[in-house]
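Below are two complexes that have chain A in common, paired first with chain B and then with chain C.
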Partner chain A sequence: MQAGSSISTRSQIWKGIQPLAGLVFIYLVFAIASATFRTLDTAQTILTQAVILGTLAAGPTIVLISGGLDLSIGSLFVLVAVVIGLLLNAHVPIALVVVLSLLVGALCGTLNGAITVGTGIPAFIGTLGMMKVYRGIAELLGANQDMSKFPASFQAIGAGYLIPISIMVVSFILVYVFLSRTRLGYNCYAIGGSNEVSRLAGVPVKKYYLVYYTIGGLFAALSAIIQASRLNFTNSSWGNGMELDAIAAVIIGGTSLSGGVGGIGRTVIGVLIVTTLNTGLSHLGVSSSWQRISIGIVIVLAVWLDVVQRRRELGA
Partner chain B sequence: MRRISTLAFGLVFLLCVAGLVFANGSGEKAGGTSGKITIAYTGYPGGLTPFWAQMTQYVKEAAVAEGVDLVDLSPTVADAAQQKDSVDNAINRGVQGIIIGAIDNRAFGESLKRAAAKKIVVVAVDTAIDDPQVTALAQTDNLASARVMGQYIVDNVPMKGKVLILGGTLGHQTGDARRDGVKQVLEANGYTVIFRACDWNDAKALETATNELQANPDIVAVFGCWDPGALAGLAAVKQRNLLGKVKVFGFDGLPAAFKSIKDGELSATIKQDNKQMAQVIVHSVVAQIKGQPGVKKLLIDGFVIDKSNVDKYLQ
Partner chain C sequence: MKGIVKTFPGVRALDHVDFSLRPGEVHMLLGENGAGKSTLIKVLSGAYTRDEGDILIRGRRVEIHSPMDPLELGLRFIYQELNLVPQLDIARNMFLGGEPRAMGFIRQRELYDTAARYLEKFHMNLDPRAVVGSLSVTQQKLVEIARALVKEAQVLVLDEPTDVLEDRSRQDLFGVINDLKKSHGVGFIYISHRYSEVHQLGDRVTILRDGKNEGTYNTSEITLDQIIEKMIGRRIEAQYPLLQPPGEEEALRVEGMRQKQKLKGISLKVRKGEIVSVTGLMGAGKTELGRAICGIDPSDAGEVYVEGRRVRFSTPERAIQSGLAYLTEDRKTLGLIQAHSIRDNYGLPSSPRLSRLGFIDHGAISREADQFMQKLNIKAPSRETRAGQLSGGNQQKAVVAKWLGTRSKVLVFDEPTRGIDIRGRSEVYALMKELLDEGIGILMLTSDYNEALEMGHRVIVLYRGQIAREFKRGEATEEDILRTAIGAGTN
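So, the complex of A and B:
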């Protein structure tokens, strides 16, 4: 029994280390292969390029751990981006634009949660429907609107390295604290492990799901704010496939699609693996199509490892 | 488990090796350690429109002709954020020049400042980027060419009525110029113009054209600001059995548009000379890197292709 437990602990430690080891390995290979890759500039660029994906992926980390799924965050992202553009065009004060944008994101997230837990529709279908709804609203609101050339104070949010990277890091810290230091957070793992057992143990599962999806919407909105300020324009064609990119980064980091396992630290690693691969392959002159293929293979690999380990644990 | 992990790492390693194999030039070359100039190109995704697929090919051919290394960092999706990242990656890679065929001309501000700080020459092709760091531009004179198309529509659609313009992304320099050129001429001649932004998205153009033709039975012509959009508009016209009653016009001069003109469906398109654009801009960026004078602005006149001259351009 003791030997089995020791093997299980070792297995868990190794499982946690794998993505980090993978990241270090990938970084080292690129650093050896390309002199221009191993510079401070490139490291800063990797972190800056990770900001949008990282902030967006913070939400699905919580939702996936809880056993949920939100396919609408890419559309929610574009909806918030359009709202930002319209508000800025209307000369609404920047602070209010930020607050209202976050509010829109949070409300849409809550709606996703309500639809999922209130109707019993599978999260995949419910949020797939809302993905269409949010994109449609974004297209309606953004139709024939030139939303660009924003005030300098708004552009400052996404400018340079320091502010956007700081926002991403603070987001990660907040999610870490939420998951590890709050009742809502550690119940997230319990609900993801077994929804029914948690309910029987007195956990208000439905109420908690609303919070998890709301947080997901909030981070999608935050990500949209950073992108709008970074690019200095918005339009309703943004966000296509971003939900899948975010979910992929979370999974690559080692958070399980089946729920109950994961953490924001793993998401950080997953996001950095994706960004490092993209940047590194660019430095080697590899086309974007090959970059996509690489990320695809890494996703399959990550999920395969998860499946194999779960099987092994069940068999142990 | 260890075997699986070894396999996983092995696969990632293979990917990296594949990266080296498929690299157009190694990272060491950039920055000129081999003495050869390296430039980067990031254009609108070639997979989305044949115009840009041709442009990419022409840029590569021009780079070979100029004797420089070219790294193609074009994104595969029309995502302005990804294109901005590709410019940042080119800067870090230490290239001496960057050619941008912008997905959206408004996205690059901060990256261009970084390039200027590193004395990297940045030039634009097809779409102007309103920034002092961009030192050359080769593009079709979109406004003038669109005016030519506007006049062509006036001459060939004598019945005054509504004309639907299927546009690019609002605020995009190229799309706005094409819209404005056609619109100015049509409105001056008594036509009512309905403009709809379609974000250079063919599916959106089809949907928009279908809805507008249904809502406005008095539409007499459709102008697509890009050929695939015009062909989407043509599909909507055919779906509603309006071929012959509603004439469709495009802009780009792509082979598919020529075939449609030959078949008597699309009425006309504007031919853009993307080969000349590519040659001029590559020559300009290389000349500037060498400290020689290069073309700063080349506006190429587009011209109308219709049934009278399409055979000459059909391959």
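So, the complex of A and C:
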């Protein structure tokens, strides 16, 4: 037993390092292959590029650890973007716009949670439905609207490097504290590990799920705010497939789709792997179709590695 | 199997083990947890590859490298957990993967006719069109056996098949086994923790201890005491601790608990420092009672008092706050999160107590987990050891620790020693006694009559959701309880 456990701790640490090693490897390959890639400027670009995906992916990190799933965050992203555009067009004060759009995101997240825990519909189906609903609403609201040329004070939120990267870093820190220090976060792992064990242990599982989904919606809204501010327009065709990009980044980082295992640190790595890959391939002049193909392969490889290791652990 | 050796890092799980099975015999394989029973079976099933030794079938050396190999050799394995597709009917399950086909289509009529013929041949009174999920556990076990036999099995390996069965169903299963060994010449390897089954069912018995074969005997030539002695290497003394008389103060009172057809008005009382055993057949309402008292399943009527104060609740959360804890019979899936550490399993129900303003006090959780591991003698390398790596007895202790952490006043123990070996059982009993000394009241739900008698100050026997009779300590024998449990002698 003694020997077995030290092996498992060692493999545990190795497992945590793997995604990081993968990231370093990918970065080095591009740094060697492309002279323009190995500059501080590019590193800064990668980080900035990571902001939208990173803040969005903070939500599914929590939701996936709790054993849930929210497919609607991409649509929620665009819905919030349209709401921002409309509010700004109506000359609502910037601070209020930010608060209101975060509120919309949070409420929609709560609704997703309520649908899954309240009705017992599987999260996949429930949030797939809401994905259609939110996108439809966004299209209705955004039809024939010119939502661009926002006030400078709004543009400042996503401008340059410093502010957006800071927002992302603060988001990550908040999620880290949430998951590792708060009761809600601590029990998130237990709920993902086993719903029923947690319920029997007195954890108000349903109530907690509402919180996790709400946080997911909140981060989708935050991500949308930064994007609208950076691009200085919003459009109801945004966000297609973004929920899957975010979930993919979380999974590549090593958070389990089946719940109970994971962390925000892993998501940071996962997001950086995806962004580095995209940026690096662009530097090499690879088309976006090939970028998509390589991300796809990385997802499959990452999860396959995880499956192989888990099987070996069980066999040992 | 000759001279089988299997080594894991740091442990020699099998040390030159010989084992033979004759056609038409039931060969009992006994040993404590960790003695090497399951390793031996896994070598035979192809789940593990042996380091040394030979496997021979009818004198011929065979190679078993993958789980497919033993199937071709006529070996079948039936594990403790059911291995059927509950949504399909009996016939579909029996022929799963080997359905009679014509041009890629399944021949429905032939499927059901053949299934019916087999079921009749094996004297199993089952309808091939019955959906497996609607069958009793015993019937499902029979379907598993039938499925194995359809594929011309020569050897059947049964791993603790009766652990989930009640007495009468076991007799049914034994009947089928005896029939098959005589009329079909099937050989059985039978693993069990219920030692009474050795003489009821077995022809020969092999005892493993610490990876070594301690001997193979005809069951007629060895007594249960001798078997137990060989298994643990020393004679066990008093397996049950001596119980002190209970206190006077009331710990738990239940009045008129009702739940649809399951519970028909049950009232009982548990004092501090007292164990009240509740027993009865499967389906008599033991687990339902425990779950209703602890607010896990809703009840239709009834009141619960903890230390004289009425508690009103509908959720486990509230029950835990009022000092009740339900220790489930199903440790693996409901008691502990197997993939999480002892520490985190411990902290789960206590997290409200061990957090301030929503923030978790990790230091306190670790400290308390360490204290309980020491106090309850939980054997594990550290508090970070995953629950799934613990033995049955240690898992049960981890569950107890987890609930003691909530400062419970009443523990509802559902099948406290199911699936735990002798040494582990003794430890669990000793632990229960210590809890009594601290003034905790225990309601023990058990289907083991001996346990109910030996570990209870009083024994309540349930029959179809009602209290059939209550016995005081020393007033009843196992026979009395069985008779009450099956409804004989009650109105």
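Here is the rule we use: the second predicted complex is superposed on the first by the 315 of 316 C-alpha atoms of A that agree within 3 Å, B and C clash if a C-alpha of one lies under 4 Å from a C-alpha of the other, contacts with A are read in each partner's own complex, and residues count from 1 in each chain.
To be clear about the criterion, a residue touches a chain if its C-beta (ideal position, glycine included) is under 8 Å from a C-beta of that chain, and two chains touch if they have at least 3 such contacts.
Predicted model only: the values in this text are computed from it and were never measured.
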Record, for the superposition on chain A, whether partners chain B and chain C clash or fit. fit
A:Leu281 in the overlay: touching chain B, chain C, both, or neither? Say first, second, both or neither. first
With the two structures laid over each other on chain A, which partner does A:Leu71 touch: chain B (first), chain C (second), both, or neither? neither
Tell me the contact category for A:Ile247 with respect to chain B and chain C: first, second, both or neither. neither
Which of the two, chain B or chain C, is in touch with more residues of chain A? B
Touch test for A:Arg181: chain B only (first), chain C only (second), both, or neither? second
In the overlaid three-chain picture, which partner chain does A:Ile167 touch, first (chain B) or second (chain C), both, or neither? neither
For the superposed three-chain arrangement, angle chain B-chain A-chain C (C-alpha centres, nearest 10 degrees) equals 140
Contacts for A:Val203 in the overlay, against chain B (first) and chain C (second): which applies, first, second, both or neither? second
May I ask you to decide whether A:Val261 touches chain B, chain C, both, or neither, giving the answer as first, second, both or neither? second
For chain B relative to chain C post-fit, closest CA-CA distance rounded to the angstrom comes to 16
Output the chain A positions appearing in both contact lists, the one against chain B and the one against chain C. none
Give the list of chain A residues in touch with chain B in this complex. 11, 14, 18, 21-22, 25-26, 29-30, 33-37, 39, 41-42, 45, 48-49, 52, 143-149, 155, 159-160, 227, 230-233, 235-238, 240-241, 277-290, 292, 294, 297-298, 301, 305, 308-309, 312
In the complex of these two chains, what residues of chain B are touching chain A? 1, 4-5, 8-9, 11-13, 15-16, 18-20, 22-28, 30-31, 45, 47, 71-82, 84-86, 88-94, 104, 106-107, 109-110, 169-171, 195-197, 199, 201
How about chain A: which of its residues touch chain C in the complex? 1-9, 181-187, 189-190, 193-194, 196-204, 260-261, 316
Sort out for me which residues of chain C touch chain A in the complex. 8-11, 296, 315-317, 319-321, 326, 328, 333-337, 339-340, 344, 347-349, 351-352, 355, 358-360, 362, 379-382, 384-386, 389, 402, 406
